[in-house]
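Okay, so subunit A shows up in both of these, paired with subunit B first and subunit C after.
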Partner chain A sequence: MYKFVMPEIIFGSGSMKHTGESCTRLGAKRVLIVTDEGVTQAGWSDLVETSCREAGLASFLFSNVSINPKDKEVESCARAYLDYECDALVGVGGGSAIDTAKAAAVLATNGGHIRDYEGVDRISSPLPPLVMVPTTAGSGSEVSQFSVILDTDRQKKMTIVSKSLVPDIAVVDPDALSTKSSYLTASTGLDVITHAIESFVSVAATPLTDVHAKNALALSSRYLRPSVASKYNKEAKEQMAMASLHAGLAFSNAILGAVHAMAHAIGGRYPFLHGDINAVLLPHVMEFNLLASPDKFKEIASLMGEDVQSLSPSAAGEKAISFVKKLSIDIGAPLTLSEMGFEEAFIPEISETALADACMITNPRDITAEEVASLLRKAL
Partner chain B sequence: MKKQEMIELLTGVRSSKQNYYTELKTTVEELKKRNSQLELMNEVMRSFNMNMSVQEMLEKTLKRLGDIYPIKRVSLALFDGKELRLSYVSPEEALYLKKGTPFPHKNSLYYEVFATGQERIYQKGDTCEFLEKEAFQQLSLQSVFLFPLTSRGKIIGVLSLGGCSPFSYDANDQAFLLHLAGQIAVCVENARLYEEVFAGKQQWEETFRAVSDAILIISPNGTVLSKNDAAVSAWPLEDFEDIRPFIQEASRSANNPFEETVKSHKPHYAELRFQNKFYDCSCYPLFGEEAALHAVILYSKDVTEKRQMEAQLLHSGQLAAIGEMAAGVAHELNNPLTAIIGNTQLLLRRNKINEQIKPLLDDIDLCGKRCRTIIRSLLAFSRQEEFAFKPCSLNQAVTEALSLTRRQIEKQNIQLDIRLADSLPLINGNLQQLSQIAVNLLINAKDALEEVTDRKRKLIIETAADQQSAFLKVIDNGSGIDAAIANEIFHPFFTTKAASSGTGLGLPVSFGIAKSHGGRLFAESIQPHRTIFTLSIPLLNERL
Partner chain C sequence: MYKFVMPEIIFGSGSMKHTGESCTRLGAKRVLIVTDEGVTQAGWSDLVETSCREAGLASFLFSNVSINPKDKEVESCARAYLDYECDALVGVGGGSAIDTAKAAAVLATNGGHIRDYEGVDRISSPLPPLVMVPTTAGSGSEVSQFSVILDTDRQKKMTIVSKSLVPDIAVVDPDALSTKSSYLTASTGLDVITHAIESFVSVAATPLTDVHAKNALALSSRYLRPSVASKYNKEAKEQMAMASLHAGLAFSNAILGAVHAMAHAIGGRYPFLHGDINAVLLPHVMEFNLLASPDKFKEIASLMGEDVQSLSPSAAGEKAISFVKKLSIDIGAPLTLSEMGFEEAFIPEISETALADACMITNPRDITAEEVASLLRKAL
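Showing the complex of A and B:
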């Protein structure tokens, strides 16, 4: 028995112009647009504001979001929502802006502190209408039931999981990817691949999530390189946008694994890009998990385009691992934690935190704190 | 365990996106509830604008409360200054303790709430031991809320709300119920004050009405603002009729106390005479705002009977003096008069009598006899105490009197109506004397009818009795007694008749006889054409 949840999705070049109209369909009158400086500078929030105006909506801008959104930002965002007497939220940007919008929505109707909702299924009142416009191909937050917020006091990323966090409408416009730096494209692209692999091997994977995980993997394996290579490769951008969407649907319903559990723990400590951390950890975790489901890893290799027909499942799995490693090198992603500035001394603490992360539960291979620590040491 | 459960939670079949419809529904329900609460408050507030009874207010409250909470019974225990008592219950049949039962100071939940001012909630299964528990169980109340009723900072009682099912409540509910208790307290206090005022007013009005003397409150323009029952019969006024002409008429002989009071703003007294009655009348000013004269209170006491008694007493005194003198005079006159009459008759019996002298002798004889009659009457009058008393009936006296006078009466074409009471109680008296009274009264009535030509001449003689006395009434529709001489008719020798027929002794003699029988004789002349003489003699067993 399983359940699959997803929002309405509008996909395609130029779809961003329909954001305002989408809000109207949800009964909105006054929307709060949540975004960050980078997105605003790229002009995307302007575009969304215009579409809102054209749809006859009053709109207000909240752009005080940083990478790895913090509880304080969520609180001021929720306050802005209430002060402006808004009745809908639009997130425009990467995972940070979208997660902030979602978390602020929780506070707007449920009150309290965002810490109160950490964990699974803690939200009791429905959220205001949520329309999400991703401008990176990565987080998948525009379709997921996750919101990851940094608890500044505890220096910890809180994973909030609830069906209520699934947005009402996701507007996925590949055109938005054209303003992304190659560095950011690489980082978020590796997040997509990590989502695809982790949800595919997740113990909670279902045939419905598998379809999306496989599509995400096949598309991203093929189009991440060209997408990093050029801002103007429209096809690559479009396919990566689709890959990210698939990956989001897959992990939202099948959940993730050890890579994300560890990445959240490290992200609470260091302001690293989420995709960068994933890129470094992914091959090590794949090696560790290979034992749990070699057949699935063989399929992964094949989806990546490797010829693995004659190979044993574990040999095929090794191929998948080296594919990931090679991809990271090719697109210039970081290869070790040390080069990013990670300090070994934090390993025990980070291991403990990672072990308690919700994503760890669906990891295919049982794991201990020592095992997490040794994986981190390998990734140094 | 945990892992599988967590996975189920994460991918959860058991959870769903929260839905606005459901949210809306709860909001609407919440609103409805608030609305009902407001309506209820309103109802309670309204009840003291309309002077609704507390019981009625409780019933309405219960009905509304029942829409919001599973409450089936409301009761009020009020402090009467000494004890906290069960005072009101709705529905009225939901009783275990009798109404009015005082709550003891120990082991009573109600008393505890009253004494501490803290609300108390009982839920079934409460392990505390207290007196009301049995009542709650008998009434199958699963939960009971008790709130102190506070009015102007004082706890005046306890409100209890009982439900047949356990019921959960939050801080909002509790705040509302407390507020409700506050409103009910105000309402109860209000009802109590109203009742007090009402009872005071009623008591005053009853007192006002119970006074047997007339009391009227009259505005300076003569309109009667209010009057008691006695005033209704004494002052025959239409509604809103100006009373001033009546007072003016009644105070002909004295000054007008009403006008004096209106003028001087001071109390005034006068004796008024109105329709043959005497009134002691006092007027008092009644001041309104800023010392302006708001109205005049007119107090009038009917003193007619007192005045009559006074007159009678006066006559008795005069009579005694006159009686003594008359007896002496009569004695002295008796012998010469005997000589005059005897000699006159001797002369008249001679055959050869001078035709010219005869009429003179006849006149001497007639006048002599007349003098003898008067002297006999006077002697009879002075010797009254010598007559023997025996049990007898006024009916007998009447019968005897009629046998003497009937012919004369009927000859004068008078319709005689004899109404003798059956089985009239006996009195102690002298039959001869009593029938003399009856003769006197009948002759007087006959005389009064002599001149009457414009109407049927009527004479009624009747007897009656009450617990104390037997009565003889002689009523005629003759000339009547002019008010100016009403005081005089019992004086000896007072007469309005020609010297040949009137002696002026009938009534004083009758009065004397009545008095020697311990009774009374009085006259009333009600204009027009109705004169009543009433003789009352105490019944045999009533006499000392």
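Showing the complex of A and C:
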């Protein structure tokens, strides 16, 4: 027996203009718009504010979100929500803005420190209406039951998982992708591919999550390159937005694996882009996990467009790994942790932290701290 | 821009035992279980009642639902809900029980006659928590925004469409299919195939509904025969339950077409099984609609497992039509309206009624009353 949850989806070019009416439909009167400086400069939070005003809502802006969002930011955001007497939250941005909005919703209604909610199913009181507007085709947070927040004292990314964190409505407007740099497109796109692969081979995968993981993988394998190549390729942007949505639905319900567990541990210690860390770790973890589910890795290669019919599952799996490596090179993603500034001395500590992450439980192959350390060394 | 909604899904053998705790999770204290005599005799409503008791809920039974559920039954059901001071509804059964529970929820909270809500988006006040437990792999009502109720005065099936009708939780337990007769398995299974095909070629189809329509079609084409053949084929039951779920998600969001518009009109006048009417009409409507989207019909044939690579879209579409005809013969479904007792004299009236049905709007080919009449004559 398994469960599957998802928010209402509004998808398509121009859909962001309907954010306000989506809030109204949920009974909101005063909304806090949570975003970051980059998104504000690109004009997207203005567009959302206008749509709120046109829908007759009072709206307030909180734009102090940084990449790898921090507990302090979540606290300020919750305070803003309460001070402005808001009754709904709208996240506009990448995973950072959306995860901050979700975590602030938890604090505003459940109290305490965000650390209290680390892990699975720790949120007891219902959250206010949440409408999420992703501006990167990457995090999938607009549809997921996840929020990942940095505990600044412990220098540790906390994974919070709860059905309460599934937003009420996700407004996915591919137009938002037109203002992203090619570098950010590459990094977030590799996050999508990582979500698709990890949820597909997860021990918690189900026939329903497989449907979404497979669609995510087929679309992102085909459209990430053209999406990185041009800001103006509308089809590629739309397909990457859809791929990100499918990947989010897959991992929200099937959870992830060792790549994310390790990326969270590294992200707690270094201000690297989450997608960049995933990109570097993914082929190494695939190599390690191949033993656990060769048939699924063969299917992965096939979804990537590789001709693997005559190959053994393991040989086909190797093709999938090569595909990922080649893709990273083609779109200019980092290939090693060292080039990002990661120091070998942290490996033992990072390995222990990764082992305790909620995402490690669903990795298809059992793993020890020594094996995590060995993977990190390979990725150096 | 398009929208996509679905309830939370709980899927798998034994999941029905979790109905009570699903209600509790939604805040329910006193639930009305809506079901029919056949389902009660098979023991499924007992099982749901037990799960409610074990979850600490007070539960009350309403089992006066007939096939093609009627406005009077909906009124009695709403009265029972109010008299027992319930705060949630659980539908246990096929489309009839589930549609009755939904419609009673509308009356209990929005008042008036169920006729007032015919058409699209006519429900204003929120509904109480709805948990639906399908016992046929057919109607898809456990996930859809539809309820179809017979107006006994007008002898007309009313199609009510509203996002409010999407249940909160669908508990899909394939074990429930083990007590169905092979005749009912065939009839409801052909309803699944009709949902999949009509939603796939609907003018309101989107990439998200296509994902579900395609999965529904691939699964039902493969597993309907073995499911009809044996009560004990657990894999076939599980796959048909999944096919029905996918088909429900597809048509809930993409709506249907001429087969359903005509089946609703006929079902208002005759007490035939809905699936039987669909089975007879489907190949004729496919023949008519082929002109509108030959490429999609080629894809349908391919999803059915036909080798159509070297064929033109139209020739491939003909293969899909033959597949449906052969399937109906193999599983013993009726092949003509006459053998069911339909009288030619009603054709003009039925044609007019069908033309006004909400499902006709999304049929891929424009259609006139004369063309509907001609299709009915072909199906005689």
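Definition applied: the second predicted complex is superposed on the first by the 380 of 380 C-alpha atoms of A that agree within 3 Å, B and C clash if a C-alpha of one lies under 4 Å from a C-alpha of the other, contacts with A are read in each partner's own complex, and residues count from 1 in each chain.
Basically, contacts are C-beta pairs under 8 Å (C-beta built on N, C-alpha and C of every residue); 3 or more make two chains touch, one makes a residue touch a chain.
Not measured: the values here are computed from a predicted model.
Colleague: Which partner does A:G305 contact after superposing on A: first (subunit B), second (subunit C), both, neither?
Modeller: So A:G305 meets neither subunit B nor subunit C here.
Colleague: Is A:I255 in contact with subunit B, with subunit C, with both, or with neither (first, second, both, neither)?
Modeller: In the superposition, A:I255 contacts subunit B only.
Colleague: Name the contact category of A:M242: first (subunit B only), second (subunit C only), both, or neither.
Modeller: second
Colleague: With the two structures laid over each other on chain A, which partner does A:S164 touch: subunit B (first), subunit C (second), both, or neither?
Modeller: First partner only, subunit B.
Colleague: Should A:G111 be classified as contacting the first partner (subunit B), the second (subunit C), both, or neither?
Modeller: Touch partners of A:G111: none, neither subunit B nor subunit C.
Colleague: For A:K3, is the partner it touches subunit B (first), subunit C (second), both, or none of the two (neither)?
Modeller: A:K3 sits against subunit B and subunit C alike.
Colleague: Identify the partner contact of A:H18: answer first if only subunit B is touched, second if only subunit C is, both if each is, neither if none is.
Modeller: second
Colleague: Counting only touches as set out at the top, which of subunit B and subunit C does A:G332 meet: first, second, both, neither?
Modeller: A:G332 sits against neither subunit B nor subunit C.
Colleague: Per the contact definition in the header, classify A:S125: touching subunit B only (first), subunit C only (second), both, or neither.
Modeller: The first partner, subunit B, only.
Colleague: Across the two complexes, what residues of subunit A are contacted by subunit B and by subunit C?
Modeller: 1-3, 5, 163, 206
Colleague: Where on subunit C is subunit A touching in the complex?
Modeller: 1-6, 8-15, 18, 163, 206-208, 211-212, 215, 242, 246
Colleague: Where on subunit B does subunit A make contact in their complex?
Modeller: Residues 3, 6-7, 9-13, 15-20, 22-23.
Colleague: If you look only at subunit A, which of its residues touch subunit B in the complex?
Modeller: 1-3, 5, 120-121, 123-127, 161-164, 166, 203-204, 206, 253-255, 358, 361-362
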